[in-house]
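Naming follows writing order (A, B, C and D), and every chain is counted from residue 1.
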Amino acid sequence: MGERVTFERFDEAWTERVLGKRGRKGIDAYLGVEATEFTAGRLVAGFEVTDELITMIGNMHGGCISALVDHVLGVVMYPIMPEGYWAATTEFKINLLAPVSGGRVEATAQVISMTRRLAVVRVDVENVTREDAGEQRRLVAVAQGTSTIVAPKGA
Amino acid sequence: MGERVTFERFDEAWTERVLGKRGRKGIDAYLGVEATEFTAGRLVAGFEVTDELITMIGNMHGGCISALVDHVLGVVMYPIMPEGYWAATTEFKINLLAPVSGGRVEATAQVISMTRRLAVVRVDVENVTREDAGEQRRLVAVAQGTSTIVAPKGA
Amino acid sequence: MGERVTFERFDEAWTERVLGKRGRKGIDAYLGVEATEFTAGRLVAGFEVTDELITMIGNMHGGCISALVDHVLGVVMYPIMPEGYWAATTEFKINLLAPVSGGRVEATAQVISMTRRLAVVRVDVENVTREDAGEQRRLVAVAQGTSTIVAPKGA
Amino acid sequence: MGERVTFERFDEAWTERVLGKRGRKGIDAYLGVEATEFTAGRLVAGFEVTDELITMIGNMHGGCISALVDHVLGVVMYPIMPEGYWAATTEFKINLLAPVSGGRVEATAQVISMTRRLAVVRVDVENVTREDAGEQRRLVAVAQGTSTIVAPKGA
């Protein structure tokens, strides 16, 4: 593969405000989403698959993964945009690969292209479980989408 | 446009079990998703945009719409599949068109193609608000995806 | 469904320059793409499934449909943008529903949302064949995508 | 990232029949698509951006990239399926990142998930140009899609 995107700006202080924190309300708070790694153009965030999230069939509702993907697609943008700008998930596509019934769900978002108006982001979602043999990671969804970059009024 | 899909089977009794009911747990229960119309290959379901769903920016988290889309993509399939079969959302793509800050969010899922293994579904998501002039409907997201049809073991 | 997009501008003269014309080179010329209907935000264009386009397996290569979708996603924008602006297909998603082995392939593109920067477009692709019972139309692909609207330099 | 897919079968002889060969007709022959690398679950294929493919605006028609993506999504499957099976591109999503005006276009398809019925594939498309500083590679499109695996009749 050739050269990938480089970022003109990276606000590390912003990442510290979100790492390890949970939202107080909204769907990300409901899921318990927490960011665990945040570098320029790359965010890892996930949540525990609690019993509350499991449907009658015994698996987690796929909508939890879709919501997580939507979430990381927006959040990954903040530290690499100029201050005051905001990002909105404009579109994405997701393939759900395998059911999830426990453990932890973790999304890794990677910005792969960025202009002044748009960024394209790929997301890998893994199910992390603890087994006798140690931590197991299984790819359960992949996504690709676009975040629109919006300048503050007057910029 | 030409002829669209016809359905060999439609279990109206199944639709009566879900119309107007809310889930007891899981992301659809959190959102308060309720089906309001259900005919062969077509489902209308939505939820009220409560204050809990609004983020600090003043809009509803896009993940709520993604989760709703994922939900209707699966549910729309049940009355048109043979008994005992189940449907899993395999993939979808969503374009988010406008922010939502109140009222009701309503998704209309329409099965546009169906084989023994797969169905392709389109979803329109509208924001329904009450204004002086009466009910206003605004298209806020469109989606397109695939449900995989899974036979029960032994079928 | 609620109110759909309305268009501030529609350059009918522009549509007359493309209706019934074929490109002289490029992939649309190779396929023989011709526009047959063009109204504000809606374009119908297609091509004949010649023997050249059929693979060894006896079906048309799906890439012909993908290329047609990409084509109409851009062209549908021109009469509804201010003069001098141009449109670029930024992203799209396609579901291929059935193989094509003859007749004509026809795409109908409909702009369903438009801002100053972006338009979201849905495309239905049908296979039109002549049979004893008359013309048959079969939905063979559906797509949904985004065109970016680019202002001329200095605008 | 965790463990990725492993393939039960890899027919290297099949890859030798396509490496460095061009189709005789169809859209891949028109584009001049040639496979240059083919290992289990991974295919590199591309074509030269000839003057024929350039539009009046000076760039290559995006449909050429869409058609290439559709093509590699199917071809990458053959050496990893049992003999006699065939693969059909069922759906894909593409983000076009940058215009192409010369050089070579090269797609790398990687199967990231495979069941008996479906495979999910990611594709990176690069524009390879020769400059004074040597070969330059620029990511110009990314895609993600599904190939349906079809058993021969009687299997």
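Throughout what follows, a residue touches a chain if its C-beta (ideal position, glycine included) is under 8 Å from a C-beta of that chain, and two chains touch if they have at least 3 such contacts.
Remember, it's a predicted structure, so these values are computed and weren't measured experimentally.
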| item | value |
| --- | --- |
| Set of chains adjacent to subunit B and to subunit C | A, D |
| Identity of the chain that, by mean CA position, is farthest from subunit A | C |
| Centre-to-centre distance between subunit D and subunit C (centres being mean Cα positions), rounded to whole Å | 23 |
| Where subunit A and subunit C are represented by their mean Cα positions, the distance between them in whole Å | 33 |
| Inter-centroid spacing, subunit D versus subunit A (mean Cα positions, whole Å) | 27 |
| Contacts with two or more other chains, residues of subunit A listed in rising order | 90-91, 93, 95, 146 |
| Interfacial residue positions of subunit B with respect to subunit A in the complex | 25-28, 30-31, 52-55, 57, 61-71, 74, 86, 88-96, 99 |
| Of subunit A, residues touching subunit D in the complex | 1-4, 93, 95, 97-98, 108, 112-113, 120, 122, 124, 126, 128, 136-139, 142-144, 146 |
| Residue numbers on subunit C that touch subunit A, as the complex places them | 90-91, 93, 117-118, 146, 148 |
